[in-house]
Amino acid sequence: MKKKMAALLVTGILAATLTCTAAYADEIKVWVADAVVDFTRQQIDSFMEENPDYAGYDVLVEAVGEGDAAGNMITDVEAGADIYVFAQDQIARLVSAGALEEVAPDNVEAVENDNDPGAVGAATVGDLLWAYPLTSDNGYFLYYDSSVVSDPSTLEGILADCEAAGKNFYMEINSGWYQTAFFFATGADLSYDTDDNGEFTACHTNYASDAGLIALKEILALKSSPAFQNGSSVGQGTKIAAIVDGTWDSSAAQELFGDNYACAKLPVFEGADGETYQMSGFGGFKLLGVKPQEDEAKLEVCDALAAYLSSEEVQLARYEAVGWGPSNLNAQASDIVKADVALSALAEQLAFTVPQGQYPGDYWSLATSLGDSVISEEITVDTSDDDLMATLQKFQDTCISYAE
Amino acid sequence: MKRFFASLFRDIGDIFVSFADGDGRTRLSYLIFGYGQLRRGQLVKGLSYLACELAFIWYMIAFGWKYLSKFSTLGTVETTKQHRVTVYGDNSFLILLFGLLTIILIGIFILAWRMNIRENRREELLLRAGKTLPSNRKVLGSLLDENFDKTLLALPVLGVFIFTVLPILFMICVAFTNYDKSHQSPTNLFTWVGLANFKEILSFGQSDFSSTFLVVLAWTLVWAFFATFLDYFLGMAVAILINKKGIRFKKLWRTILVITIAVPQFVSLLYVYKMFTNDGLVNGYLLKWGLISSPIPFWTNPMLARITIIVVNIWIGIPYMMLIATGLLMNIPEELYESARMDGATAGQMFRHITLPYMLFVTGPFLLTQFTGNLNNFNVIYLLTKGQPQSMNMVGNAGQTDLLVTWLYKMTVTETNYKMAAVIGIMVFIVTAVISLAVYNMLPSVRDEGGFQ
Amino acid sequence: MEKKTASMKKKQRTGNIIAYAVLIVISLIWLFPFFGLIMQSFRSYNPAVEYGGMVDYIIPKTFSLDNYRFLFSGETNFLIWYKNTLIIAVFVSIGQTIFILCVSYALSRMRFKGRTLLMRFWLVLGMFPGFLTMICLYFLLKQFGLTQAGAVPGLILISVASSGMGYYVCKGYFDTLPVALDEAARIDGASRSRIFFTLTIPLSKPIIIYTALVAFMAPWCDYVFASYVAFGHDKSYNVAVALQRWIWTNDYQGYFTRFCAGGILIAVPVTILFLFLQKYYVEGVTGGAVKG
């Protein structure tokens, strides 16, 4: 009796579900960070006004930050947004999960010509262009309190000032993104090749080298300073005198430092070999992606909308509204962008950074392991060169294994 | 096992006998469910069986067959592009999920068929013996009386079936497929790979994977042990303290402790985490007062992080245990203590010989549930350290404070490596099941469950 | 004799003083984080008043209600999130209580074929790590149309559907109720359902309140699965999902004090409810845990 009823109910419920799985073809869902939801909605409204042909589509803007957007798209493409902003480090995963449609052939040339080459490279996987560049400000530089740090040009000087004032220097050394500031500075190298499907085919790296060793030793030296704290978020730290962070934190940093707010390119440091190295790092980008569509008309609207949202005017307007640094070359050259303190520091740092290419997801967690080994003092300044080299060798071998 | 087969054979024999011996109504019921019952005036039963058959047939045609037919391959039609439009092919995920559901429904259908036959046989024999069948009203009424258990359990069992059993079976199946980030539905197909994932775990064994697994497993066990027993004894101690004669404001003390239960953990634990960071309040004040010269790495030193987690967990766990112990302590007959006091027993002796044995006996099953609960205690670890710090000595994203479950969580959510998560999930299950079943069968209060009444 | 009691009294008094001291220390430790949380919630995030990020002191330099004002102003969907959570909590609480009572009564009072099998089976099921099945549950709910905009009913469904497995404490409580009462009623011709509704349930006030209270509290802390099901649909978030974002994602800088204020607002109703029903909670959990 019980089972009979169970069977009955199951079939009943399933019958009900069959009827409610129809997709809404006339709705376009857009995912952007909370800070730009209102801005994006306004822009889309004016886009819709300019293009009455597309009036049949309802555009829904939801607040889903870049990190969550990529994760959600990978979990369930169908339920995900039609147009979404993501940080470039996710692009290979998104391509291989089938969550990105190639940029419309008509738009490719314009995107490639109008945006800075690093941004175009970031949106390219294999030989194909998969996304519309939105910002070029996903890089990092130094925010500091000018009443504490007198000279931001050397790491040693900054640390000494912080120590003297009993304040902290923040840098997130257990992040694969910030770590490269040291490794790329000393000439160590790490990059991957991808094919058109977003699969990794080759890894180029020489972390297990003298250059890598100098970089790792510098990280260890930084860790040994009492002023050092791990972290890269202004809102989460205390007693911050200097922090390696990106433009998204500029207003938080202004609040924190008040009149003493200052920005600079990353400092130089003196390596264990006595040479001076300029800290390097990744220059990163935010991209706008369009999801593969089953309906040609809708795809056309999505493409047009994505092209519009990443255009010169909208990028400039977005800078004015929320301060996101544009990837569009003309927008970058405009006077107001050039006058921005944080963006100028970033631009200055740009000369020393490597445009961030494609990295497998496992790299980031491996880098966290390396950083955590430093923070938890598994390896310290006193660890022998051989042991450090062994760690680097392991790191390098694991990196290479991701491309096999 | 032998008995199972014996009864199965007897059952099959019975089916044949029922048919050979049965009248036309019974025989037709082999094809049309409930036919016999309906003809004999058993409307309620007859209609239920008939509805069951019709619903099943409709389900199979409209829904089930489509998925079941592709179950062996999990789909073959690839997603293609026509010009720029995407045409999705088979969805392996849904094929696996609904294929599984269909298989189970077929099993239930066969069972219903068998019950239908047995029912017919029973009715036929009753009528032959000259007895009358129960009225429809009586059949319905029995659902509120002698068959009340079926009414009570119908929905809960159905709920558990759809939302627990089916998903678990699904994940067990996933362990035998190549479902991971490069084989995600609906864009890519995934398929059966046999034991390949289990082999991969074993072949990892030569490198670091097994050592990482062992580190995580060991910490999981150590954690569960301390989290359970420290909380247990300390909670009891606090309860005894509050219950002590002559202590006033008992209710106030209890209320203060109980606030930790009421405030959602994601708020309180986050704040506690922030308090103990290297640049947090605790270190800040210790530094300010000059008690330490450099911050204590509460979360970043692996060993210290583990200790801190256990200590913070005491903060969470004592109130629960205190409440439980408070009630139980009141149940201990006061005469026991009186007579012990007469004999000149000290407080310590009374605790060891009266309180502790009583508490241990009574809370045995509770302790076991606590222990298995702690083995899988996701919240505390995730809200405090998220498994950090990681280490170059460990692989697969695992951190030094990761429990098996939090590691599993990272694999599913962060890495979308579902196949490996499923394999590890099965291992977690085995660990938990072996430990708890072994302990469970040893508990005195479980063995005489029936004897209690 | 006189002397002995005096010395005993003295001994007891020193014992009590130590006990009070320990209790006071314990209370301070237990209350400290909440004290901190409350203080943080009164620190303004407005840079003109005070800095809103993490700081290394507890007492704000100026007390302000800015955070609370922000939460109620409609700048975010906080009120919707709060309402969602409240709805989920109420329905889950009712649903789970009904399910658990049904299962517990059937398992405690009735003897039927497959009873022990069912109990063993559910015990084993409970040993599977829960969120292994999360992805599967998500897609199941999606088939029902109960994700994103439908996340609230979806979460209620999931929480209630499998709740029958959590019958242990309640069944333990029923086991302690005298069977003789049931049997007397049956001799008088009462049906099982009648006994359940008119005899067992009125005797079970503590365990019902305990079950409802535990069920009511859980949704306030559910974020892993809730965020999965809401899938980016802001209006379907519960408070835990929404507030977690303020701490763990880069999009929300300097939201720490607002997070604390939100946390306080969440804690208030649950705490009040808990304090009022504490007595039943204790009776329920001790009554039930005896048998586990």
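Every chain is named by a letter (A, B and C) in the order it is written, and numbering of its residues begins at 1.
Quick note on the criterion: a contact is a pair of C-beta atoms (placed from the backbone, for glycine too) under 8 Å apart; a residue touches a chain by one contact, two chains touch by 3 or more.
Please read these numbers as outputs of a predicted model, since none were measured by experiment.
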Chain pair showing more contacts of the two, B-C and A-B: B-C
Most remote chain, CA-based centroid, reference being chain B: A
Length of the line joining the C-alpha centres of chain A and chain B, rounded to whole Å: 38
Between chain C and chain B, distance of the C-alpha-averaged centres to the nearest whole Å: 18
Numbers and ranges of chain B residues touching at least 2 other chains: 150, 153, 157, 162, 279-280, 284, 413
Chain C, residues touching no fewer than two other chains: 54, 56, 135, 139
Set of chain A residues in contact with two or more other chains: 13, 75, 237-239
Chain C-facing residues of chain B, complex: 93-94, 97, 141, 144-146, 148-153, 155-157, 159-160, 162-168, 170-171, 238, 241-242, 244-247, 253-268, 270-272, 274-275, 279-281, 284-285, 288, 315, 319, 323-324, 326-328, 331, 362-366, 368-369, 372, 376, 378-379, 382, 404-405, 408-409, 412-413, 418, 421-422, 425, 428-429, 432-433, 436, 440, 445, 452-453
Contact footprint of chain B on chain C as seen in their complex: 12, 15-16, 19-20, 22-23, 26-27, 29-31, 33-34, 36-37, 40, 54, 56-58, 99, 102-103, 105-106, 110, 112, 118, 122-137, 139-140, 157-158, 160-165, 168, 175, 179, 191-194, 196, 217, 220-221, 223-224, 240, 243-244, 247, 259-260, 262-263, 266-267, 270-271, 273-275, 278, 281-283, 285-287, 289-292
Residues on chain A engaged by chain B in the complex (per definition of touch): 1-15, 18, 71, 74-75, 77-78, 93, 96-99, 101-102, 104, 168, 174, 199, 226, 229-231, 237-239, 292-296, 299, 361-362, 365, 368-370, 372-373, 375-379, 391, 394-395, 398
Residue numbers on chain C that touch chain A, as the complex places them: 47, 51-56, 135, 138-139, 142-145, 147-148, 228, 231-234, 245, 249-256
Residue ranges of chain A in contact with chain C within the complex: 13, 16-17, 20-21, 31, 33-35, 62-69, 72, 75-76, 79-81, 233-239, 248-249, 251-252, 254-256, 258
